[in-house]
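Presented sequentially are two complexes of subunit A, the first with subunit B as partner and the second with subunit C.
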Partner chain A sequence: MDVMTKPARRTAPASRLVRAELRWIFRRPRTLAVLGLLALIPVIMGIALTVADPTAASSGGPPGNDGGNLLPAAAASVLVLPIAALTMTLQMLLPLAAAMSGADALAGETSTGTLRGWLLAPVGRAKLLLVKALGVATFTLAAAAVIAATGILTALVINGDGTLSTLSGTTLSIPDAVGRVALAVGWVTLQLWAVGAIALAISAFTEHPMVVLASVLGGVIVFTVLGSLDALSWLHPFLLTEVWWSLVDVLRDPVPAADLIDGGLKAACYLAIGLSLAYARLVSKDG
Partner chain B sequence: MNTKRKAATVAVAGTAAGALGLGLLAMPAGADSAPELPEIGAQQLVGSVLKTEPPAMSGTATVDNELGLPAMPGVPALDAQSARVYYDGDGKGRVAMEQQSSELTYVLGDKEFWSYDSAEGTATRTALPADARDKHRSAKAAGADPTRTAAQVVDRLEESSTVSVDGTARVAGRAAYELVLTPKPDERTLVREVRVAVDAEKRLPLRMSVLTHGTTDPAFEIGFSEIEFGPQPERLFEFSPPEGTKVTESEAGRPDGPRGESGEEPQFRVTGDGWDTVVLTRVPQEMRDRAQGEGADVEGMLDRFGKPVQGEFGSGHVIETRIGTALITEDGRLAAGAVPEQVLRQALENR
Partner chain C sequence: MTAHAEPVVAGPSQQEGPALAARTRGLRKTYGRTVAVDHVDLDVPEGAVLGMLGPNGSGKTTTIRMLLGLVQPTEGEVQLLGHTMPERAGDALPDVGALVEGPGFHPFLSGRENLLRLAAAEPRLTAAGIPPAVDDALERVGLSRAGGRRYRGYSLGMKQRLGLAGALLVPRRLVVLDEPTNGLDPAGTREIRSVIADLHHDGVTVLVSSHLLAEVEATCTHVAVLNEGALVAQGDLTELLESESAGLEVSTTDVTAAVEALRAAHLAARPTPDGVRVELTRAAAPDVIATLVGAGVPVYEARRSRTGLEDLFARLTQDSEEAPTWTS
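Moving on, here comes the complex of A and B:
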């Protein structure tokens, strides 16, 4: 008797929900378009730097202010080009992609009415947030990985497997170099998770995806402006955008870990703030 | 109601935890209280510093510069530079000066000295004389009796300053003694005191700060922000330039910096002693011509950063910073020292 009346399953397993969410995300044309455009950036950088006169590039501009120094070296190296592309896109385009993904996850679904199904379904709100957060996390990882991969491929096509030299003048072995690019991808993804978590929080409060995009992008710009004002130096340790330059440290040898760890911890703090706010809003949201 | 309260709790707790974490990360390190250390005399401390061989270590050194030096176009700002330092405890070392997206690396190896600039992609190799390190070592050994040398050093310093051990400090997480040099009251100098923090265990100087009158913040400070003692990997002290690097050979014996093209070495003359020492020299005519030739507006620059002065020595410009003053006359004489302008004037007039 007991065996016969096994109760119908009341909740879907999380893994199935995540798979459904991922399929949903990666079948959207705009997701693929964004990933495709991000993949083009290292290719464009590589070609532009090869075509441009390298001597003119190295003498132009004041040293050490805008990452310009990284660029002349970038085309020459399988190691430097992916990192340079990640550093550049991390300033604006990757946060934009993370914000887009966060905006679609909640606000987008609210605006098309599909979130209602989630809220009424027998799925806990914590599980819902987990699924959405994992969706954003996977998308940002894919974005960073795509940039690194096309960066490596572009440099290989332009130079062959030539030079793997660090900023400190040492030459790395291939596994070591790949490890560093992987480290950079992981670190960038963590930073993007922080941005994505804030985007999710805003996303939970609104039903207009554009509001999420605008506020995250505006936030990044405001943080960058605040970071460039010397008079506000007391505020700088709190700004997430300030730590993004330390990505260059993976090109030094040995890697000075202090700034990278510090940046990772700060991202974790933003992640905690964003996710807890998003959860608080989702829990009290009416179906 | 229940979910509302739950939502509020999670929101407040999560945000507070995140904000607290950020606050903790933002707190400057080294805010700990001064450590308790056994008393030590100045002479004994100096002796132990002279006796110690720097051990193998790695660390990050930072320069903090509040000199009030005018920012010059084309001259990189000195402030808030940081460098990673590696030392194998046996005469080999590596220094990497970090710039935002490039690095200047100096490697002192067994037989050669390398400098590498990643922004320019250039390297300079200097072969060291085979006996350089042995000589260096035997010189250390010949300084045989550190206690006597220490006594001499302290005596020498005490002609012009008061040398004392003033409490303790924590530098880069290590307990340190603060050795303080205070100029005697009759020394005419801008410097109020110089503090050197010496590691209590390893007796390695960890930080030096120069303080001037009227402020408590150091005008100039150089020291370790992180330091770790222990053996370093051997590969750090070898260098082979990466592919595509322009390598220039430099002549031996002068590993530091490019040598001026001019055959004429500037002549230095020193007046005064102790803290009010003034260095007098002459800017080589050749150098001034070259600067003019390269389109540098020397006069304009002096007008901008210095103030014009006149006196028995003629006329010129005086450039003041918080720890030093320089006076350049129209005819190319230069006087500089850690002194007020008046002392420089006298030095120029008395020649």
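Moving on, here comes the complex of A and C:
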């Protein structure tokens, strides 16, 4: 039980705040609806694959990447569907989910007047950002994990013999395959943390969650367009979205790590910048 | 609209009066060119129930937000329970309960869940102490039964009460209530009044802002009047009202003798239905009574005549150009 008399605390323990934050996030109907819809995506992809002619589906995905080969390959290997689903959703839907989480965390709480309650308790602003960032991080991890999980389940259903073949033609052991999926989930989550950190920064500047959603989504679209313009190739190393198709590399044997590492470092930079901006704004913000 | 350039008074006033639960000196806040709060020297004596009055847009809420460290002042200093704000918020705020700018809660959670979330951030509560503290607070504002219902379905009055419960999760030294009776029916208003009376009885300092003058007159021991961002009056409510109308109502059966005795002492007096009314411009109340008793006039009752807070407020806030700035 409790320690009898402690010196009067100046602020509540961070672990308690994180628990309260997670309870708030996962009690929210919207959060559950988004996770549910994301979970459906691999299922829909799986159904589409079994119904559609595999050769017709090969036109999907941008040229130059292996997106085009992914969907047909998913019919032949359990390993491919979860990775394909993560790759597809990472282009738009998962960043949208991360933005939603970041928007609710600060802008949403400001607009309902609930952020003030914690500031008055008091919760220091650095600690507040830490708790909010952990909340966004947990939610994005859950979003990526849910897609991977239903992806694996769907793949097992439509691919009864459980082949674990890679795009390179080799076959993986079960632990190795699990490792590949975990790697993909971790890598996607890191990308989403980068998006979430930027969302948090915008979220600290506004009290309208819609502004955050629109900015992040607009940013993703603009980055994608910029990435497709060869004349702007000097800009491409700075675009986070440029690396997002390299997740397919997880399906090769051996894994070509260069692009994945490059993407991870980029995400870490965006993460650091986003959190710094969010912190700078939050400490001077009127509550 | 000119800025006051008076130096900030720091030392002496602190020792003279009673201890102050909150105190501002030279407090000023500007948003661009708009001056929201202008050189406010507010004193909230410990144990007082201070009513903060002012028309809409007079700077009440901004002042409160600066007191609580939510807003950084442009100039001036704020002391809350003896700690400088906003730097020492961690020392002051655990003992302060506040309901600012209306209740803020999540519509998809129940009232109780909302309070649990708020209580998780209260430094004074242990993990095990949170649920009982929440239940106590709900009971205190009469929401025990509605605690399990979603906040979305609450009436305006229930929302307001839940906000009050949030301010009362932990025993406080200072409770700050910004327009607590907004949206409440008369019964709800009475309940808030009784909560404030209980807090006052327990020695808790209460700062309540309101535009309902009758409300303030009924519950407060002190008032502070803001107008256009400036503090135009503050002090003990009774003293403020008395200093406004210097008159003494004396009940007597012998009106003629009373008037004669007073006129002989050069005191202005006129008969009223049950006695005389004496202007206290030249003499204090005890002198008047001594004069009357000395002349053998039977005095049954003597009391200071009071104008209402409404008159005082109207005079202080109507034409701000000429309103005198005074404190008592």
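The rule we apply is simple: the second predicted complex is superposed on the first by the 268 of 287 C-alpha atoms of A that agree within 3 Å, B and C clash if a C-alpha of one lies under 4 Å from a C-alpha of the other, contacts with A are read in each partner's own complex, and residues count from 1 in each chain.
Assume a contact is a pair of C-beta atoms (placed from the backbone, for glycine too) under 8 Å apart; a residue touches a chain by one contact, two chains touch by 3 or more.
Keep in mind that what you see is a predicted model, and the values were worked out from it rather than measured.
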Partners on subunit A (subunit B, subunit C) - clash or fit: fit
Contacts of A:156 with subunit B and subunit C, given as first, second, both or neither: neither
Inter-chain angle, subunit B to subunit C through the CA centre of subunit A, in degrees rounded to a multiple of 10: 150
Residues of subunit A touched, compared between subunit B and subunit C (which is higher): B
First (subunit B), second (subunit C), both or neither touched by A:284: both
Touching partner for A:93 - first (subunit B), second (subunit C), both, neither: neither
Partner chain in contact with A:27 - subunit B first, subunit C second, else both or neither: second
Overlay on chain A, subunit C to subunit B nearest C-alpha distance, Å: 9
Subunit B and subunit C contact sites that coincide on subunit A, given as residue numbers: 284
In the complex, subunit A residues that touch subunit C: 1-2, 8-12, 16-17, 19-20, 23-24, 27-29, 112-124, 284, 286-287
Parts of subunit A lying in touch with subunit B, wherever the complex brings them together: 58, 63-65, 67-70, 72-73, 76, 87, 162-163, 165, 167-171, 237-238, 245, 248, 252, 254, 256, 258, 262, 265-266, 268-273, 275-277, 279-281, 283-284
Interface residues, subunit C side, partner subunit A - complex: 65, 68-72, 89-91, 93-94, 96, 98, 100-109, 113, 116-118, 120-129, 166
Residues of subunit B defined as touching subunit A within the complex: 3-4, 6-8, 10-11, 13-15, 17-19, 21-23, 25-26, 60, 76, 84, 96, 98-103, 105, 107, 114, 116, 118-121, 123, 226, 233, 235-236, 239-245
